[in-house]
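First subunit A sits with subunit B, and in the next complex the same chain sits with subunit C.
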Partner chain A sequence: MDVDSGLGLMAACYGAGALSSLLLARLSGRLALGVGHLAAFAGAVAGLGIALGVLLGAPGRTLTQPLPILFPFARLSLSVDGLSAYFLFVISLVAVAAALYGPAYLRAHSPDAGPARQAAQGFALNVFLGSMAFVCCADDALTFLFCWEGMTLASYVLVVSDDRDGENARAGLLYMVMAHGGTALLLVAFLILTERSGAFDFMALRAAARDLDPATRTTLFFLAFSGFAAKAGVVPLHVWLPRAHPAAPSHVSALMSGVMLKVAIYGILRFAFDLLAPVAGPLPFSWGWIVLFVGTISAVLGVLYALQQHDLKRLLAFHSVENIGIILIGVGLAMILWRQEGVGGALATVALTAALLHTVNHAAFKGLLFLGAGSVLCRTHVRNMEELGGLARRMPWTAGLFLLGAIAISALPPLNGFVSEWLTFQALLGSASRFHGPAGLVIVFAAAMLALTGGLAAACFVKAFGVTFLGRPRTSHAEHATEAPPSMIAAMVWLGAVCVALGVAPGYAMPLLDAPTATLLHGPVASAVVTARGPLVLSTALMPSGADATAISMTMVAALLLSLTAIAWILRRGLQPALHRAAPTWTCGMKPTSRFDYTATAFAKPLRLVFEALYHPRREVTRETAGTPYVLRRIHYAGEVVDLAETQVYHRVEREISALSQAIRARSTGRIYGYIGFVLGALFVALLLSELGR
Partner chain B sequence: MTGERPLALVLLEMTLLVLAGPLVTGAIQKMKARLQCRQGAGVLQPYRDLTKLFRKGTVQADTASGLFRSIPVLVVAATVAAGAFVPVVRAGPPAFPLGDALMLLGLLALARFLTAVGALDAGGAFGGMGASREMTIAPLVEPVLMMVVFSTAIAAGTTELGALAAHRGTSWLLAWSAADFLGFAAMLLLLPAETGRIPVDNPDTHLELTMLHEGMLLEHSGPGLGCMVLASHTRQIVIVAVASALFFPVGPAGAGVVGVLVGAGAFAGKILALAIYLALVESSYAKLRLFRVPQYLGVGFVCALTALALRIL
Partner chain C sequence: MSEEALHAVIDDLGALLLFTMILIVAAGQIYRAIYAVSAQSLLIALAAAVLATATGNTDLWVIAGVTLAVKAVALPWVLHWIVQRMDIRREIEPVIPIAATLALSVVIVVASFQLTTSLGPVRQAIAGNALPVGISLTLTGVLVMATRKTALTQMVGLFASENGIFFTAMAVTQGMPLIIEIGVILDVILAALVMTILVLRVRSTVDADVADLDRLRG
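What follows is the complex of A and B.
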């Protein structure tokens, strides 16, 4: 089949999935769910086909597809260039797994769901996937915003679809408020541009942006950046993320965390390097530095707050904040280095390659981890790690794949997380030696923080994996868990294989990054810089001269590791045949129970005390004594860690808004005439203002 | 600049490190004993302990998962693989790229990650305590160590350890800049932490209140424990070898067997110097309280950050 007609096929798949979910639900909810996910799977495969066709096709290849004229004032069209294709690739990669995983998960997790809910879930999933894919393919502001809104609304429906308590509804509300705040900023940025260009298509916007004065250009960028940052969950705009992502069904959490956040990264890249970029010369000074700084803060705070979570899915959601931060470090560096005099384009390519590679890496391992958490959830119906334990013996596949994801996300070799962090470090080091003075210090600080982030992520995932899967089961939920159904395992194996492949042979994936780096930077492409010495070797040159390039070979290291493991395995069997037996763990002479296992709270306690200033931990211990203070009946312990952004920023804003609402409420009469009067008054004032401004 | 190292030499060096690892531990123990006016066990005692462990049977916790048995294998493989990236007898990058300092630190972190996971598997409080403390200290040590590496890497333009050592050349203290001194100071502060010694950890204790690394090994036995112990010997010599590659001048380069022997001799001298330092520190200080360790590492952080800042200003 031809790649050119792929866009229509993908749209047809997602559209058919959405419609058939609604229609078939009258017959059978299960059927609707199955057909809906099948169509989503087909759509994702079509998306992969289009993306690979463009990425591996002739250089500079762009697919364009005009859309039917819905509005007389705007020409709408889709266009898939290198950048779009790359993000379409990332989206489709995870979407394949999610569509495979979904039906079995939803059946196992909520067996009593009615057909209405199942129809809504099938419908919303297809709309969600379709709009994410088409945001990246949009070639005009209207299509972009329309799909952007579709993405928000569909994911909102999925977040609140699992309505077992009010918690989900509250999470959904917060999500809606934050997402629409972000969309409003985007809308303003787009409207200012379209007002100058007179048309909505990106071509006209680019032309209009050419003769912007620097102040307006920077204002527009930061409007758009804030809008995208709200969606990407950048600190301090992240508060919705750890609430909304865990509330959704797990395969949707995987999509939201693994993919939806990346659509915001796409937006940032599209605005910074394409729509708003000046014709010649580097990007304005403030852009890259602020993105770099914000990314660094997000990375550190994201992982620090993740460490103190006991809810498995919430912990993973906080890690998305961290990983978005790592991606933004790469993006910020690329923005700083791009077209910089005397720095050379190669380093900007390394930085952007690191960011883009981390985008797909994070999509793969975060998707895998969320699906793993989903398997645990659907077999135990518990999200709190303190009530789990001992699952590795009961769910060996899930445990092994979760461990794989945990090693990958902790940026440990030989898996994919390490590769992109290595590239980020190389880009940071290379630029630190070129920017002298305070600028170099900021970069060095970012490198130090990135190193801290990696270590803390490892600590966090020892906790998450160890407490959930190892030791003894702490409750009967965990004790009676069984392995997840094969289709769910298959979805995890797919993402796990991506993690291993991108870790062991990253050089072979570099050609995929050529098209996006060429589209954005117009400089040397990824594979020419990073895999200059063949696909087995990753190399970067820190010095402008290019001498003494640093080179590593993930493939060789993996082979070395594998052969050493084989040797050690023989060693492990011992020098002579000896007795092997099993015995209970020594617990100082007491009967071993699950109470002896370290809990997640206890595990993270030392780090809670070390970083006390950032956590403001609250601790309440109540003792119930029998007559004398020396005989204890019960001790009740309650601990809590606050999110500084939430208490310092949001609670204050919330108080102001409620005070304002109370004041307005006192004026509101409840009569419809009054409200019509307000609307008319507002319209009159708006018209007056626009007339005065002309 | 010294030439490239062929793959066979790299593997030979790695084997040499693994074989010499227990000797360093034995030498440090012996020196400690002499400093404490004891006779002490012979320097070859760690080898005897290892052979004894590999001859023994195993007792495994009945609650442990299938993962538990493979943990020692993976830990020792990751640690030994890290040893392939440090130059031993000759400086210069390997003929075929393998890994750099970041990869080395990554593999050591992988070994630590898996050790901590194994500690939680048996379901005892000691393992959990050890894992929790180890994973508290590790994220604070790693960034400082990385910054020490960065401070020399920025000057040399590479993070490949062989090339870094070659860049150091034969320059000794007189050719050092202020950044080198500060970086070396940070490295000296980190060495006890990374090798699991006083004042951060105590390798000789099995008291639950004082141990970090040993607590994680409690549930391993027989050949499994042997692998874990071998891994910690190897880890120690690898870290010491990194310090010597970053800061000590390389020995005189020669060709053929003689060159290799001279290089090995020079390497042994450097390792011995750092081993004496470790033994002296262990004998003259008390172990720090766990929550004082971040302050101790903070000093190292400041040294490393200043070293880096001096490089780029």
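What follows is the complex of A and C.
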């Protein structure tokens, strides 16, 4: 199979999947779901093929494919260069797992779903995957925006498809509003560029961007960045994310969190380093620093809010905010360092490599975690951790794989999260020594925050895993849970294997990053810098003299950890000659119940106290006594923390808007001809003004 | 056909279009307004055909045919059918007196010609006085919508306004891409469909005209 015809094949797979879901639903909803997901699987495999073909092919290879001419004023085409291929790779990697996982999950989670709903789910999944893939391959503004919109609409359908309750509909509406606000900003940015170029293809836009004055260039960048940030869930534009992601079916949550946010990262990279980049010299000063700052804030706030969530999927969604922040730290740093005099291209390459590597890593472990949460959800129908517990015995595979994902996201060796966060640290520390004064302080601050983020993430996942899987079941839902079906386990194993492979032997994955780093930076490529001393050793080769201080071999770390574990296990077996018996935990003579276990609220309490200023926690304790205050019947505790962005920004805006619309409503007549009269007046005034302005 | 003859023909057609527009504004009975808008669409089709012969753009023939079929025949027939179905004999209900509406439309036409004189370079490129005629048709159509209470007469105004847009687009660009023209026509068909359903449904369920919907204001 030739790579060149791959794009057509991928489009055909997704298109056939979408159509057959609709057509087959008349016969059987189950069949429609199965065929739809099968086609999505085929499309994802085709996507992997194209991506690997371009990434591992000849350097600088670009796949282009003109599209049929729909509009006489625009030439439409697709183009897969190194950056596109890399994001296509990330999308397809998770899409394979989601397509494998989907049918069994949807059957187990909502067995009474009608064929119409199943058809809609199969259709929207294919459209969603197809548009995500083609956003990354678009080579003109129209295709880009068209696919971008398709991605939003299809994921909206999936978000509201899960359950028919008001909560989902509200989450979907909020998502729709935020996403379209972002799209509007993108549209403005694109239109300003196309107006200058007179054409829609990226080649013309690049040429038009060459003679922009600095102010316009920076305005355009921040327009596009805000638009993409709304989609990526950057603080304070993240409020839709923790609502919409948990509402979707779990494999779609995995796609939205793991992949869709990355498409926004792709957009930021494409705009900053490609479309809007000046011909020579570094990027404008403000770009990189603001991206770095916003990323740092997102990383810290994301994990802090995640800590206080007791809904498993909501917690994971907040972690996506955190990880997008970590990726943006790398991206911002690369933007600061790119073409900087005297700093050298190697450091920018390290920063970009860290960001891109974290992109694929986050896609893999967040996908894995969402699929694990989905397995729990479809067997217990409960998302609140306080009602779970003790699932490790009942769902051993799910528990093991969730633990793997939790270790990876907590950035612990020897898994993949550690590698990319280590690289981000290297880039931060390497550049901290090169910038002096306030700039150096900001970088040190970012490094400190990144360290805090890693620690808090570990605490958060100790809570998530411990409360959900360990201890005793707290409700009968958890008590009667059984292991998930094999196809769902297989999907998780696939993503788990990616996590392990990228964690233990990241050096072998570096060639995949060569093409995107070369496309964007035109400097030294990833593998030349990071694996300068062979694929088994990661080194950043930054310090002229003491390069050895910053080298690490993940393979050796993994071997060390493995052998230490083995030694500990052997010693334990050797020292305890079979003189033990299993007994219940000693609880001072009382009979142990699930009430004795740590709850999620209790576990997060110390951090809630430390970060009180950020959380504004609200607690409500009601005591029910029997006559005297000394005999307590029951205590009821309710508490919640607020999202600062939500209360400080969004609620205020909401109040203003509703006050305004009340005022308008009080004055409106409701007469149609009156409104048409307003239109006529406005048209006339516009004509007069255009005449006067001449 | 020579350039000057073309301009003369387009100008004549523009004058006729303005005349039909005045008929629509002045119509005291709804049937007259419907016939006038049908005649106006016929003239638009004719203009498309003239431009097609002059420029050799075959797409314009298609547009002329579609305009004739949809806007000169089908849509007026639908309007006619609704009027009969709803059995309305009453006069159209103007918001302001018809004479005042006529005066306003005179203002609009004069202003359109006055405003577009400064568009020198654009007018060089286009056929005759098509631009001011098109703009005044569009604005007068909206004026008809704004000064009538019943939904049916507002539909007539919408079609007239849309004719103006069509005429402007056609004459200024000497034939827009087919896909856009077809899109515009689909737009009108859709609007007619929605309004027809709305008018008939509102009447059959609550026995009120669409204009009475302002009572629903919260």
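FYI, the second predicted complex is superposed on the first by the 656 of 694 C-alpha atoms of A that agree within 3 Å, B and C clash if a C-alpha of one lies under 4 Å from a C-alpha of the other, contacts with A are read in each partner's own complex, and residues count from 1 in each chain.
FYI, a contact is a pair of C-beta atoms (placed from the backbone, for glycine too) under 8 Å apart; a residue touches a chain by one contact, two chains touch by 3 or more.
Since the structure is predicted, the reported quantities are computational estimates derived from the model, not experimental observations.
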Greater residue coverage of subunit A in the superposed arrangement, subunit B or subunit C: B
Touching partner for A:Ile407 - first (subunit B), second (subunit C), both, neither: first
Partner chain(s) touched by A:Leu561 [first = subunit B, second = subunit C, both, neither]: first
First, second, both or neither for A:Leu56, with subunit B first and subunit C second: neither
Subunit B versus subunit C as contact partner of A:Val610, first or second or both or neither: first
Touched partner set for A:Trp422, first subunit B, second subunit C, both or neither: first
Subunit B versus subunit C as contact partner of A:Phe71, first or second or both or neither: second
Touched partner set for A:Val679, first subunit B, second subunit C, both or neither: second
Touching partner for A:Arg581 - first (subunit B), second (subunit C), both, neither: first
Subunit A-touching residues of subunit B, taken from the complex the two chains share: 51, 54-67, 69-70, 72-74, 76-78, 80-81, 84, 93, 96-100, 102-103, 106-107, 109-110, 112-113, 116-117, 119-125, 127-129, 131-133, 135-136, 138-143, 146-147, 150, 153-154, 156-160, 163, 167, 218-219, 222-224, 226-227, 290-291, 294, 301, 305, 308-309, 311-313
Contacting residues of subunit A [partner subunit C, same complex]: 70-73, 665, 668-674, 676-677, 679-680, 683-684, 687-688, 690-691, 694
Residues of subunit C touching subunit A in the complex: 95, 108, 111-112, 115, 118, 135, 139, 142-143, 145-149, 151, 154, 177, 179, 210-211, 213-218
Complex interface listing, subunit A residues touching subunit B: 389-390, 392-393, 396, 399-400, 403, 407, 410-413, 418, 422, 425-426, 429, 432-433, 435-437, 440-441, 444, 447-449, 451-452, 454-456, 458-459, 461-463, 465-467, 469-472, 533, 537, 539, 541-543, 545, 547-553, 556-557, 560-561, 564-565, 567-569, 571-576, 578-587, 592, 594, 596-598, 602-607, 609-610
